[in-house]
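Each structure below appears as structure tokens.
Both complexes below contain chain A, partnered by chain B and then by chain C.
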Partner chain A sequence: MHVPDGFLDAPTSVATAAVAVVGVGVALVKARNELDDRTAPMAGLVATFVFAAQMVNFPVGAGTSGHLLGGALAAVLVGPWTAILCLAVVVLVQALVMADGGITALGTNVTLLSLTAVAAGWLVFVAVRAVLPRRPASVVPAAAVAAFASVPLTAVVFTLLFSVGGIAPVAFDTLLAAMVSWHAVIGIGEAVITALVVASVVASRPDLVHGARPALAVRELEIRSGS
Partner chain B sequence: MGAGHGHRLFFHGHSVVHRAPAHLKVLALVGFMLVVVALPRQAYVAHGAAALVLLAVIAVSRVPLRYLAPRMVIEVPFAVFAVLMPFVSHGPRTEVLGVAVSEPGLVAGAALLMKGTIGVLASLTFAATTEADDLLRGLQRLRVPDLLVQIMGFMIRYLDVVTGEMRRMVVAMRSRGCEPRSPRHWPVLARSLGALFIRSYERGERVHHAMLSRGYTGRLP
Partner chain C sequence: MSRPRVSRRTVLVVGLLVSLLVAGVVSFYASSHPDGLEYVAEKAGFLDTARDSAAADSPLADYSVRGVEDERLSVGLSGVVGVVVMAVLSTGLFWLLRRREPRE
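Up next is the complex of A and B:
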């Protein structure tokens, strides 16, 4: 899923790098509101979790398997700003330590896999959560829709970048149709897995799910007297 | 905790490339790849020259090509894309082995393959000759925000701990007779991931408390 070197031309790579620097810079300031001075160790461990979660292969059948991208999942679990930091660090470590994703495409990869995926996931999540009843359980379907939407939306942004700075003359609408339909299929897997993971965390530790906080805030203490 | 020496790609050595300051190596890698990406796509000689420069650096670093070559499989998905490019692009057609393909697509596919291969090999060489600690210190010297470097440091430090924890969960699952083979097993895998998140989060809290008790004030020494 990582864009390698030479996929987009140099000006586009530099421009996306500038976008990535600004986006991560804003996230660095805002994440302190979500995690205060715990930011470094917490975001570090969550980044490690995202990386490990991407390593788990989900069998699709017929010998093939896919893995989670995790943008929407991280946004729902730890909040959007921390999620941007986590995904950006995952992409950074993969490029510098594991040679996964080109070094000149680093800005592009951060823009796509961190900024776009998390922003799309979080905005859709907030929108869906607003129309559902205020219960911790509502987080699960909202996370599913957000995860589904985040994958094709990221593909759309990639297609836009490719039409600006791509190195091959592929017709824009052909590429857009191919990318969006293919990533909609991937999005279904992402939605199911994200929903299952969020459901299991909501069931045992709802207090850890950032997206469930508004629902938890209105939960009242119930005192039931035995009859 | 088996705090390993170096990360998985690191190849122990004492060459000039190993000993060079990490921040200079990062700059060299970025500069070199920017030049390669900016080369005109049909400048085959220039691409060859860049590849020779890279091979010379690898020779100086004494990292055997036998070590780097198998790790280049990471490139395969995009090699497939590059091979498909001549078939999906438009433009004037040309015949290759009796099949009509797009000429600009062919050029673009070849360029992508060349630039991508040089990129993967360059990144692998960088990773094979740079220890994680040196990399973090180098990024700090390059004025990468301190918080970001700290997060990276924690991720690299706990990578083996968390992935090891996940591997043990999968082993435990398999030893109980659950071999994930179809989407029917997704709930089981997803619950493992949920548990892994809770464990990672709680480990983060414990690490933070341990750091506070040792006088952490927001900066690492």
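Up next is the complex of A and C:
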């Protein structure tokens, strides 16, 4: 869903750049609480993996394709503030080195692919986790639902931006329907990849999964009271 | 009950190898169809409002290494370079940001 230069007018691009700067600025402060000697290398790995996975477009029928966004995946693995930074670095490297996503659209792409995708993914994840049994394994389905939802939700925010600052006059309803329906299909791929990756990390080292911490804290208490 | 713990180093090494494999090899088999946004933009008739990025002259633009004719090699190399750049930049950033252990 990388927005190229030219889709959005200058005022909208400036506004999204301001949003991106503020959002990343807040994340730079807040991420300190999620990062220590143990988690910092994991966060670097997550950003690197998301970059790699985004290179692999999977077909979604009728001549269209999609790729992992990774916002929900990163948020579940390393925490939402760190995930914002992960995705921001991905978008920055893609725009500057690979010419994937525009330069004047950099603020727009950080707003969408980092801030929006991570926020949507994390909030849905937390909501689903709350209704599931409190154990590390619950993190996997919660992450899958969050990953699925994050893609059409990000498409909705793109459509809102386009309705405000799109260069071309396109009817809002038509664009919204097309964007949400295609990205719901892409969201299935997002959910599958996210579930596979989260499940492998939960199986090997649940303590390295940020989203599994509440469940692990409960288990630790139970073990202690039982001894 | 509990299986032997996989070391953190193993997780990091395996993760990095998987990333290199995905970006360096699997990427060649990626679908070349337009992505969701491009497809919708084309159908809605505004794909032509896209402008070339100012970075379009980058030697790695569009995930291919300029001058490398073999497509498999070109895509794969760009992916490997991208992974190395990402690993250095992001790990460096997070290492600088991390909370230091309380000083003794």
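Some points to look at:
In this text, the second predicted complex is superposed on the first by the 198 of 227 C-alpha atoms of A that agree within 3 Å, B and C clash if a C-alpha of one lies under 4 Å from a C-alpha of the other, contacts with A are read in each partner's own complex, and residues count from 1 in each chain.
Simple rule for what comes next: contacts are C-beta pairs under 8 Å (C-beta built on N, C-alpha and C of every residue); 3 or more make two chains touch, one makes a residue touch a chain.
What you are looking at is a predicted structure, and each value in this text was computed from that prediction instead of being measured.
In the overlay built on the shared chain, the residue A:89 is in contact with chain B and with chain C.
Of the two partner chains placed by superposition, chain B and chain C are both touched by A:205. By the document's definition of touching, of the two partners only chain C reaches A:158; chain B does not.
In the superposition on chain A, contact is made by A:102 with both chain B and chain C. Contacts of A:4 after superposition on the shared chain: both chain B and chain C are touched.
Judged by the touch definition given at the top, the superposed model places A:72 against neither chain B nor chain C.
Residue contacts after overlaying the shared chain place A:51 against chain B and chain C alike. Legend: residue contacts after superposition of the two complexes on their common chain; A:41 is shown touching both chain B and chain C.
Using the contact criterion defined above for the overlaid structures, shared-chain residue A:196 touches chain B, although it does not reach chain C. Common to the chain B and chain C interfaces on chain A are residues 1, 4-7, 28, 37-45, 47-49, 51-53, 55-56, 58-60, 85-86, 89-90, 93, 95-100, 102-103, 167-168, 170, 174, 201, 204-205, 208. Here chain C touches chain A in the complex through residues 5-6, 8, 11-12, 15-16, 18-20, 22-23, 26-27, 29-37, 39-41, 43-46, 49-56, 58, 60-63, 75, 78-79, 81-83, 85-87, 89-95, 97-99, 101, going by the rule given at the top. Those residues of chain B that touch chain A in the shared complex are 7-9, 26, 29-30, 33-34, 36-38, 41, 71, 74-75, 77-78, 85, 88-91, 102, 104-105, 108-109, 111-112, 114-116, 118-120, 122-124, 126-127, 130, 132, 135, 145, 147-148, 150-159, 161-163, 165-166, 170, 180-183, 185-187, 189-198, 200-201, 203-205, 207-208, 211, 218, 220. Residues 1-7, 28, 31-33, 35-45, 47-49, 51-53, 55-60, 63-67, 82, 85-86, 89-90, 93, 95-103, 155, 158, 166-168, 170, 174-175, 178-179, 182-183, 186, 201, 204-205, 208 of chain A touch chain C in their complex. Against chain B, in their complex, chain A makes its touches with residues 1, 4-7, 9-10, 13, 24-25, 28, 37-49, 51-53, 55-56, 58-61, 68, 77, 85-86, 88-90, 92-93, 95-100, 102-104, 167-171, 174, 192-193, 196-201, 204-205, 208.
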